[in-house]
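Order as written gives the chain letters A, B, C and D; numbering starts at 1 within each chain.
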Amino acid sequence: MVLFIDLLGGLVGTFFIISVLSMLWKDNPIFRIGQQAIIGATMAHYILLNFKSALNNAVLPMLGGNLLLFVPLLLGVLMYTRLKDNVAWIARYPTGVLVGVGTGVMIAGTLRGQIIDQIKNTVLDLTKSVISSNSTGMINNLLIAIGVVTAISFFTFTHEHKGVLGASAKIGRIFLMISLGANWSGEIVWYLTQLIGRLSWIINTVIKVMLLGG
Amino acid sequence: MILSYFTPYDVFAQFKGIATNWVVLISAVTVAMGFVYMTNAQIKIYQKNKTTLQLAYTVMTYVFFLAFLIAGLSFKGDVSSPEYQWWFQNVYGNVGATVYAVMFFTLASSAYRTFVVSSIEAVSLILGGMIYTLRQVPLFQVYTPWIVPLGEWFLLVPNVGGSRGAVIAAAFAALVVGIRTLWGKEVTLEVSS
Amino acid sequence: MSKKTPTTFWEKLGNIDYRWLYALSLVFTIIPILQPLGLPVQVSEPTIGYYNAIDKLKPGSVVAISFGSSLALLDEQEAQYLATWKILFQRHMKVIFYCTYADSALILQKHLGTMVKPSDYGYKYGEDYVWLGYAPLGEAGEASFAQNIRGVYPKDQFGTPLDQIPMMKDINDQSKIDLLIFCYTSCTDVEWPVRQWVVPYKKPTIVATLGCCGPMAAPYYPTQIQGFLSGSGMGTEIEVYSRNPGPGALMSDAKNLGILPFLLFFVLGNVSYLGKRFKWGQPKEVK
Amino acid sequence: MKDGIYLDLTLLITLIVAMWYYNKVALAGKLPPLRKIPAIDAITEGVGKSIEENKPVHYAMGASGGQLYTQLVSMTLVALAFLNYISKLCAKYGANLIVHMPYQAESIPLIEAMVRDGYKSEGKPEFFNPGCLRYYGYGALTWTQSVTASYDTEGVGLNLSIGIFYSDCPISLEMAKIKGGLNVGGTGRWIMCYAFAMMCDYVFLGQEIYVAGAMVSGNPQMLSGVFVEEIGKYFSYILLALGFVVAAMGVSAATAFFAL
């Protein structure tokens, strides 16, 4: 027995799925109604979640005695000075705190995670395959090392891509293109899965179960 | 942040913990500003196109805003309440999933336009793209089993080489922006003040 | 659109209205949903690594799950999650769920409430598993969690302070956690557990992500992460490998036909290019 | 000092010293020229196209492009530099600008400041229209739909998309393309660069957005950063070579070297 509320949910969901898919055909009122509705819905969701987070993690602990938490709350409120031209400059202080923390997190994480470890893996993987006399692994890891060096050389901006640098950049570009293709391929199949998921929900849940009672 | 990374002193680690908590809170408090700008844009768009249909679109935004807000505040459990979840899953969940489904079409049409064997770079792009795509489709896994190791080879060898190089290059650029910011020489932040 | 109108056959072949591609793809995707093909799948190495990372833990080991899943992307990852929860519960791991993305709590509520009930495996809340609710951690928050869980999640999802939860009594940082399962939807986020858990603490880590994020996770496997699942394809693989059937099978089947119209257009696009390039069907120029 | 951070520290110090040096060179006006990036000129071309067709210039920094306190903050700053640049161009040539703002509300003050400054520095502060700043609520799904709706209803001359992009760009870029817009853009997130490479008329690949950001700012100190980045790349080559030399002594020696 399908509850009315479930059926209603199914129909609402189906409307929104069709609304979004219809944008591929051309601009139309169904698409626009769905699009405008979702702006309001996500805005409310965003406000609810963040205010709840601020309430639980700052306001209530502050009322419980952790007065230091007043500082981030105040900084958050100061952001709203942007709305008034003559005091908009105040917003740069909380912005500065955010950017400062972000920059610190970024520098600390980038040095090892994105640079040194990437180089380490390139060296160690090749070394291990050489030591274990794994010829396939050796060729593969050598190719990776060549890819790394030449791809970095592609991103040289202080010299024109001519001569040795030009040749290296050209090879690097081929590695980069393969990588771009591989990233595309990962996404297209994922998106196809999303399409399958929604279509199968409409067919197997809304139509077969809710409407036909199957 | 940086000192807590380089030094073993607890005081910096503690500061890091506090700072990272604070920025999440600052961000949480600012969300209502988005509502102000959203409303401002809605008004301006309506003023530019004063039709009944445009008015209906604008009203729809606020109807759903209120519906979600009321559902999120009126029931026990707030956003975890079954009432809110009903709204959330049927509207947000479906729209979200379908937006991603739309991307299947946009990726396919862009590939129809660009996956042509016009140069060595384009052939590289096609190889990287098509082989791993086919590797993920069960039909090809079964009838052309060689596609599986070949797809993984493209993923794990040339892709890793290329993407590592790209990631390293971009990482240096990000570091430079970071250092410049801490040095107080980042032009973007000077403009904002 | 200010495009030159195609005149020759080859130009027309390369300029077919995209909506034909869209319509054909839609039709071809629906067919296997109505009539499944039931083709088998091959299990890849990262999936086996993912499974083994859990399988080799002793019963009672503590597994933390950073759950950054999105409702909108659930079709792509639900098979992974359901299989993972089943494997963990079947092997009697102690599980700490913590949600890092806004929708994650709703997903987890649905999963643990109706689809993979912990009580069916003899689990008791607070003793065998806990759910710490939602906080938008980001990378900085992940780092804080590894150092001081109570700093980011002072209470669980139901408002109980962590000190009052038996399982959490001795657990307040990464040191008592045996494995991190990092579930995420934004590809570069794979760097977060690597930077904040693997590099500083050498913590065993596996990740579950979208299909598109596989290429970004691959460089970290197997040196820094012991295994990864990317997309519904690997979701189906883990279902098959762990013998826990789930929603992945239908997904894999429908992919088979859904991709064909694109392949057809890919061929047409190239035939068009070659036709134009070599002027097929046109009289040869006389030098 | 903690263990295992000496390589990190060496790299950081190298970059700081290089920055100090190139800063001095830049202030003395002695920086050598940089390799041209064609996509930069395409931005001005796109503004001209927009005026010719009487369609707006769209600027997008990604649905999640307003991250100020995460790992990706540097990309947000670059996107803001481009926003300032496109605002100046629009003010200068009289093009209509629409900014599709990211959902992170904390970035709004910076975004508005950039646009206002762009108009102000061209001597046309009164041309700034607050209605051009569009905010669409939380997440990528509402953003992609709203950006598409904006292309549909308002048209698109130039679509400049630079910043932090996730799975939002495959729709926004392709729809701009289908609607006849000139697509120019890029992201530092390598995983999404494919969408720009396939859907844009002119693309900034990965690091190129940082370099182009410095170029469009025209500020010598920003430009000097490109040379510092090159020093970093030499550092990585040296580290790679040293790694292989040490690896000749065995895996454990190489592991120990990289654990420095």
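Definition applied: a residue touches a chain if its C-beta (ideal position, glycine included) is under 8 Å from a C-beta of that chain, and two chains touch if they have at least 3 such contacts.
Because the structure is predicted, anything quoted here is derived from the model rather than measured.
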Query = Which chain has its C-alpha centroid at the greatest distance from the C-alpha centroid of chain D?
reply = C
Of A-D and B-C, pair with higher C-beta contact tally = A-D
Key: Cα-centroid distance, chain B relative to chain D, in whole angstrom   = 15
Note = For the pair chain A and chain C, the C-alpha centroid-to-centroid distance in angstrom is 13
Request  = Pull out every residue in chain B that's touching 2 or more other chains.
outcome  = 5, 16, 19-21, 23-24, 26-28, 30-34, 38, 79, 88-89, 92-93, 95-97, 99-100, 102-105, 107-109, 111, 113, 125, 130, 133, 136-137, 155-156, 159-160, 163-164, 166-169, 172, 174-175, 178-179, 181, 189, 192-193
Inquiry  = I need the residues of chain D touching at least two other chains; which ones are they?
reply    = 5, 8, 12, 68-74, 77, 103, 105-106, 108-110, 113, 136-139, 141-142, 145, 153, 167, 170, 175, 178, 190-193, 195, 197-198, 205-207, 211, 229, 232-233, 236
Where chain A touches two or more other chains, by residue = 20, 23-24, 32, 34, 38-43, 45-46, 49-50, 53, 57, 79, 82, 92, 94-95, 98-99, 101-103, 105-107, 109-112, 114-115, 117-119, 121-122, 124, 145, 148-149, 152, 155, 176-177, 179-184, 186-192, 194-195, 197-198
Key: chain D residues touching chain B - in the complex, by the definition given at the top   = 1-2, 5, 8-9, 12, 15-16, 19, 23, 68-69, 73-75, 77-78, 80-81, 84, 101, 103-106, 108-110, 113-114, 117, 129-131, 133-142, 144-145, 153, 167, 170-171, 173-175, 177-178, 188, 190-191, 193, 195, 197-199, 205-207, 210-211, 217, 219, 221-222, 225, 228-229, 232-233, 236
Query = Touching chain A in the complex: which residues of chain B?
reply = 1-2, 4-5, 16, 18-36, 38, 53, 56-58, 60-69, 72-73, 78-79, 86-95, 97-105, 107-108, 111, 120-122, 124-133, 136-137, 153-169, 171-172, 174-175, 178-179, 181-182, 189, 192-193
Ask   = Which of the residues in chain B come into contact with chain C in the complex?
value = 13, 16-17, 19-21, 23-24, 27-28, 79-80, 85, 88-89, 92-93, 95-97, 99-100, 104-105, 108-109, 111-113, 115-118, 130, 133, 136-139, 141-142, 145, 148, 152, 155-156, 159-160, 163-164
Inquiry  = Which stretch or stretches of chain B touch chain D in the complex?
reply    = 5-8, 20, 23-24, 26-27, 30-34, 37-38, 40-41, 43-45, 47-49, 92, 95-96, 99-100, 102-103, 106-107, 109-111, 113-114, 125, 163, 166-170, 172-181, 183, 185-189, 191-193
Key: Residues of chain D that touch chain A when the two form their complex   = 5, 7-8, 11-12, 32, 34-35, 37, 67-74, 77, 103, 105-106, 108-110, 112-113, 136-139, 141-142, 145-146, 148-149, 152-153, 167, 170, 175, 190-195, 197-198, 205-208, 211, 226-227, 229-230, 232-233, 236-237, 239-240, 243-244, 247, 250-251, 254-255, 258
